[in-house]
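First comes the structure, then the notes that go with it.
For clarity, chains are labelled A, B, C, D, E and F in written order, and residue numbers in each chain start from 1.
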Amino acid sequence: MNAERKEPAYLFTDRQVADKSEIARRFLETRNRLNENVDKAGNVLVKRFYNIDHNTYLEGAIPATYKEWMGLVVSAGLRCDDCIDYHVIQSCRLGATRPEREDALNVALVVGGSIVIPHLCRADEPLTELYS
Amino acid sequence: MNAERKEPAYLFTDRQVADKSEIARRFLETRNRLNENVDKAGNVLVKRFYNIDHNTYLEGAIPATYKEWMGLVVSAGLRCDDCIDYHVIQSCRLGATRPEREDALNVALVVGGSIVIPHLCRADEPLTELYS
Amino acid sequence: MNAERKEPAYLFTDRQVADKSEIARRFLETRNRLNENVDKAGNVLVKRFYNIDHNTYLEGAIPATYKEWMGLVVSAGLRCDDCIDYHVIQSCRLGATRPEREDALNVALVVGGSIVIPHLCRADEPLTELYS
Amino acid sequence: MNAERKEPAYLFTDRQVADKSEIARRFLETRNRLNENVDKAGNVLVKRFYNIDHNTYLEGAIPATYKEWMGLVVSAGLRCDDCIDYHVIQSCRLGATRPEREDALNVALVVGGSIVIPHLCRADEPLTELYS
Amino acid sequence: MNAERKEPAYLFTDRQVADKSEIARRFLETRNRLNENVDKAGNVLVKRFYNIDHNTYLEGAIPATYKEWMGLVVSAGLRCDDCIDYHVIQSCRLGATRPEREDALNVALVVGGSIVIPHLCRADEPLTELYS
Amino acid sequence: MNAERKEPAYLFTDRQVADKSEIARRFLETRNRLNENVDKAGNVLVKRFYNIDHNTYLEGAIPATYKEWMGLVVSAGLRCDDCIDYHVIQSCRLGATRPEREDALNVALVVGGSIVIPHLCRADEPLTELYS
């Protein structure tokens, strides 16, 4: 029943994103280091969870780029700065545009209310570095 | 900076949705009655909020149908059954497909964890009525 | 450092509220039954928690009526229907007015976003019964 | 690095629990029906998620009974009635005692605050049926 | 139906607050810079949302000072440090007193539980600078 | 009805934990300073709340060590870094083991979803310092 999944065609690598934005670079470095720790810990269930997580955002019935925006909106609604940063980077790598960014932020703001404003404000700096 | 907004081209009316699903019909009736109460209350700020809410989901840089899926995912992440039902109905009216539904539910489940399962299970009945 | 606390001067009893609103009556009945169960369970820490809870909303530096509105707003922000109903009843017993109600709901809506709308809609019925 | 996992030795079957508590019976019936729907939907990622979920609560370094109490406490903290009911039933099947129940509820109440009280009150009825 | 709204009579300007508290100063600087970014982004719906937000806390049926305390309590309940800091500053500008502060924190703590303690602790420093 | 409560037999003092982990040391220092501020503030209801909080985690029907893991799991589910750090330290002081740690993190991850991953990653450093 699942549409066939495949890796999305990224327009930019992590490194290219890191070169455009210092915030993205620091985020990716931390993320890589932490993922190595998870690997070393060898917790089987955590690894399976990461596998599901990876597969969820592949190209499918809904294009990967919109799934990254979905991820951003739910991350904003649940107010997780790291999750927001991750999806900002991923959507950028997939070639997302500035007007798409505004559309997604509007959904996050109206659903989540003023309580998400500080998170959207903090996301503004990497977003501006990556989407200009 | 906002892409021009316009009403999406719905494939189905509320009534057609209500005819397909008893759950949707009850949901829409309750929603209409409550909206009338809001209208009568005459609270200016609430009305302005509803106006922003309406405009957020119009056709824009991100197609309306994907914004409805975004709304569904963030509603599931924040675990609001009524909000989930609303976006289920709206995405159906816009012609969303069953595989899209699975893709969206996967994002909700992996982001939100097992705590969203009861909400996704409750959404299964209207989803099945509307997407088969 | 705490301002002296005293029981607020209620304008209405629980019974008078129950006579005005069927929803309030059912809510109070259920609440009383459940409180008796808690009493019977004899859990000391739960009883102490209930004692703090009771003392929190007494007349103090902030008038009891505004503390009930605070309770309503945070209950709406955290999306707890029973908590909302409880503070609706309490603020009514303290003589709160319809315009105060609109002011409080506006704070809840703007802070919490569209995700609180279903809760505010469900609260509308007892609010209307009690504040008209 | 994971301790070896195995199915816990349940003292009671689902059916025995259902016979003791009407609430538990209805909960289990609904849960079974919904799980069949999930099976039929054939969403691979959802099935993998369910598999992780199942494995998480097996006997391990932490005894299964305490993991069920953990599940109950986090469910109460996140205020999910269905999740609370599920872990109430599971801990009962594993032979959990009434004083353990009070200990677990105290953690939920102090961490989550008065906002969890309505959920704990709703859980009181099945808990009383199953733990007396 | 809305009571007439007007700007509250602040006892202190932002600058006076910034002079009393280094934390408040940094908070206000960051906030101003971010608000300029929002202005430049030119997102119409975000601007309208900010407008509702501003109007919500004006003098009305509930005095502005109590609405700021409401904002603080719901921000604590939803555990948003920036939102707490903002309402701490605003209530101070409106002449709020130390005993009012304790009353408001009590509501936040009892509703939100021990999970809000770290946030209240972090708020203690600016609160102490501003309310002594 | 409460099982008799007594202080758990800690295997390590706060100081010994602080000597093993720089993160734990900083956390405990900050916590102590903030607790002194709370003491000085003299808010009676806050003190009573702290008293309940302390009593909740004593040895009881559920062993203290498992209650600390419960505290960690609900803290992760509610995504509070400070609360996670606190329970990491407490469980370490009670002699908790690395496999127990993995079991507890699995519950947190599967219940809370990918949104808790950044919190679990941040907890990894003190956990590794304390559990190796």
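Please note the rule applied: a residue touches a chain if its C-beta (ideal position, glycine included) is under 8 Å from a C-beta of that chain, and two chains touch if they have at least 3 such contacts.
Worth saying up front: this structure is predicted, and the values here are computed from it rather than measured.
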Pair joined by the larger number of C-beta contacts - D-F, A-F: D-F
Matching A-D on over half of contact pairs, by residue number: which of E-F, C-F or A-C? C-F
Find the geometric centre of each of chain B and chain E from their Cα atoms only, then give the gap between the two centres in Å, rounded to an integer. 32
What positions in chain E touch 2 or more of the other chains? 1-2, 41, 43, 45, 49, 52-53, 56, 75, 77-78, 83, 102, 106, 109-112, 114-115
Chain F partner contacts - residues on chain E that touch it in the complex: 79, 102, 105-106, 109-110, 114-115, 118, 121, 124, 128
Note: in the complex, chain C contacts chain A through residues 77, 109-116
Complex contacts: residues of chain C adjacent to chain F: 1-2, 41-45, 48-49, 51-52, 55-56
As the complex stands, chain A meets chain F at residues 34, 37-38, 41, 43, 45-46, 49, 53, 75, 78, 80, 82-83
Residue positions on chain B within touch of chain A in the complex are 1-3, 49, 52-53, 56-57, 60-62, 66-67, 69-71, 73-78, 83, 97-100, 102-104, 106-108, 110-112
